[in-house]
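I'd like to ask some things about the structure below.
By written order: A, B, C, D, E, F, G and H. Residues from 1 in each chain.
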């Protein structure tokens, strides 16, 4: 049931909505990065924990996230 | 490897101008996905309002018209009467639909115009910077209600779905929200159903979507979702108000 | 002398209030002043800018198309306004966020690491005051004292604690200009 | 086809149907009610659609939607109703949509009267709505001419992607005259490949819009619009010249007033005074050249604009004449109709003064 | 009182309150939102009433009701919203009710842009609504002047029982400038014994109305209105003349554009070209005499009207100049702002050509 | 000798322009009598609409304003906000109130404007010669519905009272009729009550009065009363929809 | 309980509504008269039967009728 | 010759259709014609009128302010339109409903008891045709035959029975003119 999420990083507006809905709490804001819009983009650090539930993508207002099931 | 979620073809590549975390973006996506899934992208014609979603014509990949403030239902009426086999929808904010456009939405409903209205209720005028909307809650602050809406001065918030549900030809009226994932799924279902009802020619359908405006509410996007849940839903219950028998 | 300044940056970088503070000071010094913001739909994260004029003479057009100085706080602003500075004019670049260099050589270019200085001072929000300090040092469009007088008026009572921070920011900005 | 008697409003509606108008959105108001009523009866028979809108505001926005969807569409109203349409008209002009708007003018301001008037000239020709835009404004003087112009109005609208107004007064709408429906030669028209029909296999989505958020783009859009308007000014001016040869005084009048003026001209002739008439048929673009030419005629001593208003077209006459000859005005307002006798007297007064 | 920095919109609102405005009915639209927002905060503190209407149409009709009830009342909007008010304005003019309407103009047509423009000149001065009527239209060029004119606007409205429009562009509304609120000398004003206050012992009922069902009465009403307008034209014209002496070219410009033109005049001076400016402060009544006088000055070779439009006021300049000197136009539209440089070039081109 | 019935002082001496038997005349009288009986003539301000009752300003003896078509509620709002102690009323037809003025009446109700609306529903545009109104019944002929109103084309007639009764601040909503004397008495009672509620400052009140238009219905005045009773009342039930507790 | 009804005859529009509501059916149209409006006005022929119920007056849209109780 | 006629009466007296019938006949005879009704709010019982023109020449103004003839069916119409008849013109008065006499002596006045004749024929509605008959006899603006031709066209089939009645009315009207 492992999943893979991909972020279209430069679309991200750093709103943090995706981080609140991940059941395994792996979506976080990347404070080390600033994208071309000037925001810290969202990212996933522990990808192996992803269960490919799609919640993060469904919550994102800016269609930043693609979710795949491995 | 299977795709669980990816961007729908119903949206263009254009990035939105919405504020970070603005749920307009989610609602756009739900509409676009519904059109795609129902195979309607090729015959859909959308009507963008005047409001934060004014540029919706740039974001939906189907044909689009930009209507004047509040008149999207009239514009959609013109379109649908010309192309009765199209899937026509209006996308309107609460200022647009419930204030200046109140007559147009009531009459589209009365006539039973066969289009679908997506009514984004964020209890505020987003685009113009946070003025009071007809849907602004009692006590909620707005730039034109600096001390909060006072019911003795400005009345009680308008419950549009409840009002339209008294109109016979408004065959589908449902209020949904997008403040969390389960509600987003429900919202999507309602929107899809509304389009199905339109294509069956049953009458007018409207989906009221509770939405946030973190910028003008003065909250973070995450706080805004919570505020919606705790303050809007008690006054604007999430509920189906009308359903044509045929599609129950 | 007529100072015609463009100040530009992301929404939230305080370019509007930087302009307001400057015209308030100009007014205090008996100058003629005007402040004109850009305005647009709520596109957060977009760029905002204002045109500021401080002059001995009555202010003509409130728009600034031939800037005696431009203060740019982010990259898009540099791209947009570099061309509007008159030959011999001043261009102040927030080098903390802009890695690009100016392309013109007929103007005076200053690189001010405003955000770094501000962060260093413990308040990222004060980068605008750092830039303003630099600008004042270069042009003398208003006196630092007048600025501080105005700031002291605005932040009186409980908020007075921020006054020294602002003073420090102006100074650190000025120090960047050699 | 032999001539038949038609009431103006009904003839206008029939002419529109003959021109292929399939959609009509309107709202009742005197003195144009026979137009929607005729449409309500006849359009469905032609496979078209008549809809009574909830208001004039809604009606013009339905027109916007239908025009944007590629249809031949019309609306009609009278003065207060046309005022309510101003925002919509500005949008239609801004989005470059073709449609026909009929204004059967009545007396104003406010609720005014319901009698014939010409006091919406400024609104129609200068832009009652906001922003810079122009409509072609056609002003028939008889029911026959109304029929001919309405038929062509749809073609003009489609050719330029622009709203066209047909402006009559209560008399044009209410009177009966013999009419022959002669088919107007159809123009070569561009395809409506910009219309929102649903993609139906098309690759790029079509967008109907008047928003140009960048000032420079909006400026450019205005420049483009005015280039189009300049083309209209080159090719679409219509005007009748009557009795100009040797005329001492030249009347300016349009619509039914021009007919009253013709009566006055005959009376003047009987008294030995030669008078002529320039009758603009397009109020915009205005036939400036015709007036300028007349102003250069040595026999012409003065111009007299006669209107059912307090003086509106007279400004365009003055602008055309460029100070070469004096321009006078005579008018009645609020639904009152100038009589030939009063016009004759006014002309004699002017010529007495000018001599 | 010392000068303070005020944002134009807020200064306009404060000036209205200082002038005794107690009622405000409006609807949000950029770039004038600070006016209703300021009113929302301050009017209740003054015992007045701010109400956000459901639309511009409703707002202007609330103004009608409140003005008819005898109140000092104001509304404000921007171009598309003002278009929606046209029917209401015509009613207010027809019923002769005093009120102040602010239009902070933005680029058009249609949704256009939200940037500064002057493209509602025709609508304001010629009558965007139906029927023959006029409003006094005041066009401030600075925040200070806006403040002064707004204060007087209420008196003018009351004196003539007529709507008065204050027309600025987005710059006037958005910019901050130093302002001093100087009390404007109050006019001797007639009592509002016509207002609907409830009889309260009065014998005859008061009626606010613009309907004159008999054409002859409606004609008479129009005559009466125009007699009143003639009085306004006699006494209310305001205009600034600048640098006319020896000017080869005279600019016509109003509002903020006049300030840009002044910059251009200084640049021309540096190049040895003398240029002047006539700045109408009342757009209606238009300062025709000032232009005519300038046209008669031998040094003046040409006029150049500079506007943030595709050319509107230029027609009034032409009408004033009566063909005595050539009149040119330069403008930007849709929210674009003419630069001093472009104006200088245009002037030089004309003078080159005119020489 | 006691007077049982005589003309109220609330009406002027002016004879109305209404067609013979037009029940507008009855309704005028009921309003005028109510004002007189409540002692409100001295502080009443009425708003006449655009419609057959456009000349109402000549018939009521109190102060009057003539509003533009559909905007009487906005006009009345302006008046009432200026003179909060006055008795303000609008008198509006069904074209005026339910069609072009739909937004204005909904919003006056939403704000709870403290005035009284007399809504004369005759299921037709009287003044302009018999066009379809939003309230025209299914199958009823009108000049713009020459074959009778078709619900698939023009929708179902709008039940205004039912719709407005969903709005919290519309504290008094009642539908009455004037087709016979008992109903006339009931109508009077409702109108009077509406004014009482206004004077108590409780909120917005509306009385919908079913009325005839013999001219445009193509009937004699007597036939028209019968038609009203047999056709309108079944669709528009005579009923109180809302009553503020305090005045029950 | 005798009543008296008076008709302001020239206001009458001949609509006949009053004739339908009189409980004793005494209100009739005067076919012999034409008033200045050009209508046959309503009238009461057998006044002694009037019970002063006021119905005719309440039904009249044109306030033609005054009713008194004797 | 140009006939400029005003026809006026109560709503319901058939003045509008009287005018229409006349212009239809005029058109049949190849003349130029126009018909212009008064229009107003629905004030039943008010007066209605129309302006009719029949001419060899193209019709100028459709309004009739200098009438060659006026046909007045009721008293208010007489009061209103008597003055509009040109000297030497014709004024036809429906003497059944108008007890007043004309005041002018520079015009030809005819009194036609149209309602009496119509009632006598058993149809009060046909008074307008009586007046028209009289008018035609006086002016010859159209031929009686053409009128009847038109009427026969309109009332064909089942309604044909009314044709003779109309013919009779025209004749009885004409007979009033000696």
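Convention: a contact is a pair of C-beta atoms (placed from the backbone, for glycine too) under 8 Å apart; a residue touches a chain by one contact, two chains touch by 3 or more.
Not measured: the values here are computed from a predicted model.
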Worksheet item: What is the shortest path, in steps, from chain D to chain G when you may only step between chains that touch?
Response: 2
Practice prompt. Note down the smallest number of touching-chain steps it takes to go from chain A to chain F.
Written response: 2
Worksheet item: Looking at E-F and B-E, which pair shares more C-beta contacts?
Response: E-F
Discussion item. Roughly how far is chain A from chain H, centre to centre by C-alpha average, rounded to an integer in Å?
Written reply: 87
Worksheet item: What is the distance in Å between the mean C-alpha positions of chain A and chain B?
Response: 26
Item to complete: With chain centres taken as the means of their Cα atoms, state the distance from chain C to chain H in Å.
Response: 86
Discussion item. Where in chain H do residues touch two or more of the other chains?
Written reply: 40-41, 45
Fill in: Residues within chain G bordering two or more other chains
13, 39
Worksheet entry | Touching two or more other chains - residue numbers and ranges from chain F | 19-20, 54, 66, 68, 99-100, 102-103, 106-107, 111, 127, 129, 134, 153-154
Worksheet entry | chain E-touching residues of chain C, taken from the complex the two chains share | 20, 23-24, 27, 32-37, 39-41, 59-63, 65-66
Response to the item:
Touching chain B in the complex, chain D uses residues 23, 25, 49, 51, 53-55, 57-59, 61-71, 73, 87-88, 91, 95, 196-201, 205-211
Worksheet, complete the sentence: Residue set of chain B touching chain A in the complex reads 1-7, 11, 15-16, 18-26, 29, 180-181, 184-185, 220-222, 225
Worksheet, complete the sentence: Per the touch rule above, chain B residues touching chain F in the complex are 99-103, 106-107, 109-112, 134, 151-156, 158-159, 162-163, 166-169
Discussion item. Under the definition above, what is the set of chain D residues touching chain E in their complex?
Written reply: 57, 79-80, 82-84, 86-87, 90-95, 105, 107-115, 117, 119-120, 122-123, 126-133, 209-223, 225-226, 309-312, 315, 318-319, 321-324, 332-337
